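Chain lettering (A, B, C and D) follows the sequence in which the chains are written, and residue indices restart at 1 in each chain.
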């Protein structure tokens, strides 16, 4: 199976809505180990992004993703703004000229997104950030696709891995981001950015599942 | 949550309007942006300084815009770094051609957003450079982690680098001075209770009737640890010792002190703490040449305070003593 | 009660020590007394101004000691008028022979203690006179009662009468100016919550999650009534209207504004309120020539604020615009 | 019966102790309609006064009372400092050259104290102040003495009247003092100054009762 334009737009809408619905959850998580704003930041960004998507929905994948990227960069702020902005920008660059997306496209997106986030934020896996949800998702996805499994299966495996990665952040100490200032006190709380990343991956999976 | 606000979404915009109404002689707003700049920006022949960060730290940063300190201040949402396009706009408006120094507090968000703005400015041919303030001794140093936070000591960077720019130094020189300030400034903070981020609507943490948070920053985050409340003298001693043990001080060293309120601490209590700070520094035979007491880098309505100490050499001392004319520091 | 203090009995003494340590260039303490005076007191050939009251209103009153404002400030216990012997000592130290004006806020305690001090000074041949500040519009006027309280508008008296004295005016002239300020100044205050007097150890009143006190003073007392919290704009409008309906303002009238925090209100919120004040005055076609925003007359750690408006004529405006150099007002 | 020097000193000690013991009560009353400090103010004053009394206890009545007056004036502050200071000063002036105190002396003390407080504070009976305890006490005392009753009886009647006067302040609106700013909201709370006055009168009565 593959992801067509209709599914693509549906996925973007669903992930935006899911983020907006999770505002309070993400703020609460950020209150534990940060400054209480991750939900507000992401909601501000994706509320604006939804409006912008509507204006460019007839354009190609790359343009739409770039529009989201620029919107996030100029509305989210904080650490998550540049990082998710960079992520969408890298995704945009990964799908130039594509009209549908297949497994290999998603692998490429993942790889570029991860390298972009690492470059911007200098974090690695295990630092208790969004990367702890995204990298396991990527690895599970890639293994599944390379084993010849269908996009649906690979996407489900990626989502499960993202969830596990998100939950894993609860047990570890933050090395990067605001939570790192807490030292050992950051242990015992799930990372808000890993949670928003899981929410996004999960929303995309829900669209793929149905498609 | 009881606050003197209207719609939560409008807080930053309305606050900036209120600042401009209060200080029309010092600053103006860049239309359409959450950026305050000197009334006379760009100042010809002068290196420009820009700072900023999330809102909620008032009078930081807009209150330090004026002659002898900042040329521009960018305001993000409450406790949220401003976006690169806002910072970029500020840079463009204040640059006189002599270049712009970005004064960034060490938070991933601030660093990334200001860096992206610097990239945009460079693409337009504007000379930019940056310094990253990391004065908080509460966080243990490590090359592996994000490093230390930038907190109230940033005021010294604004003041001293601001004076350097006003004196006509080149960008590289202003940067050198700013980095010297950073290398010689240390801060330690504590709190008696949380603050409430308006958009979140809930206290940032909860403390028992007898508990205090030690070693916390300026974004309502919990600190490094909790302890039982003790006397002002004990708390202050602990903070000053944490600072003095972090950086070597020789007898006779000249220093300046900032006793900074986090928002809801009465000046009365800041002065009581300052009395002990002065006593401790005298005991160590350090020479305090300037003391600043008040709310300079706040954390909304948080009760608590921080102590910052800067080691001064001749150059830093002279620049610190130059006059400045800004809404919050004269 | 969590406060940055040591022994409750030592609060005022330790606070005064901390102030002197912070501002050695501006002021000194009269040894053995809770009195702060100008570093260069007595200032030859100048009428001297003395003010004061209970502590807990910092930076009032010691923060306004300096060139162009007060010559002396007497600090009582927290929210308790200072005793006559303390005030008398202050009068003696600052008098240069040109006489001393007592600036008293209208509370029975302040009035009686300062009057007794004036009697003592007169017995020693010192020329003294007094003005009583009563700017609070919350309290209905009546010749039968104590009258209105003196609150944040007192800052305008310090500033403008201080400038008059600095200009070399005689005692009777300085008094005339001070009385003109008082006649033209009105203040209205509100609060989101109580403060805790250290010696009492308990909140001064209790408010529900959605309740605010309107029309309250600066001693933690309850106000004239309670209401549900509304928006910053609604609250501010109510306060400004209360002021404008108390004293006639003509179109084009020049005014100055003080948006004063009571201690725990973030500057952010004061600026949001100031935005509305400015808007309302513009609507009424009043001309705001000066705006002051910040914590000037506080009530310990009370969250809340007051708005003061003064009608200016040419003389008052010119004196208001003269420079002053004090710890809290420059 | 009459009051001798020993009783006189005992009365001063007892009234000081009673005021000091009532610190919290008086602060609490002042919290309702004032600024929470009446107990602290009075305690500061009478703690100091006790020390001073000890230093002049061999002197005459007038000197002892004047010492208390000056101590209160220079330590209490607030409204109560000048008022109680004036009251003790007036009492001191009323007992010049007396070696024991009889009914008529107490009448004279009362009268001078009341006129002194009125002069200093410009308040009248019914303004919800200390005068609402002191004036009824005076009237009851005077009537009793003039009817030929013993000091013990007169003192008890004065104390009962002071208590009634103190309780009466609960129902009225404050006209003078800080509580007057509350307007109608001052109704429903007993006046702290009337309470401290009752406490003092009651302590004196307890010594007379025993004597």
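Please note the rule applied: a residue touches a chain if its C-beta (ideal position, glycine included) is under 8 Å from a C-beta of that chain, and two chains touch if they have at least 3 such contacts.
Listed by chain with UniProt protein names: A, D = phosphoenolpyruvate--glycerone phosphotransferase; B, C = Dihydroxyacetone kinase subunit DhaK.
None of these values were measured; they are calculated from a predicted model.
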Quick one: subunit B and subunit C, Cα centre-to-centre, how many Å?
29
Between subunit B and subunit D, what is the gap in Å from one C-alpha centre to the other?
55
How big is the gap, in whole Å, between where the Cα atoms of subunit A centre and where those of subunit B centre?
32
Could you tell me which residues belong to subunit B and also touch two or more other chains?
none
So which stretches of subunit A touch two or more other chains?
none
Testing understanding: with touching defined as stated, what is the shape of the graph linking the protein chains, line, ring, star, complete or other?
line
Chain-chain contacts, ordered by label, are A-B, B-C, C-D
Please name which positions on subunit B make contact with subunit A in the complex.
54, 76-85, 107-109, 112-113, 116, 136, 138-140, 144-146, 149, 197, 199-200, 202, 204-205, 217, 219-222, 224-225
The subunit A residues in contact with subunit B across the complex are 27-28, 31, 33-37, 39-41, 44, 73-83, 120-121, 175-178, 180-183, 185
Subunit C residues within the subunit B interface of the complex:
2-6, 11, 14-19, 21-23, 55-56, 58-59, 63, 192-193, 209-210, 212, 229, 231-233, 235, 259, 263-275, 278, 288, 291-293, 295, 298, 300-301, 303, 305, 330
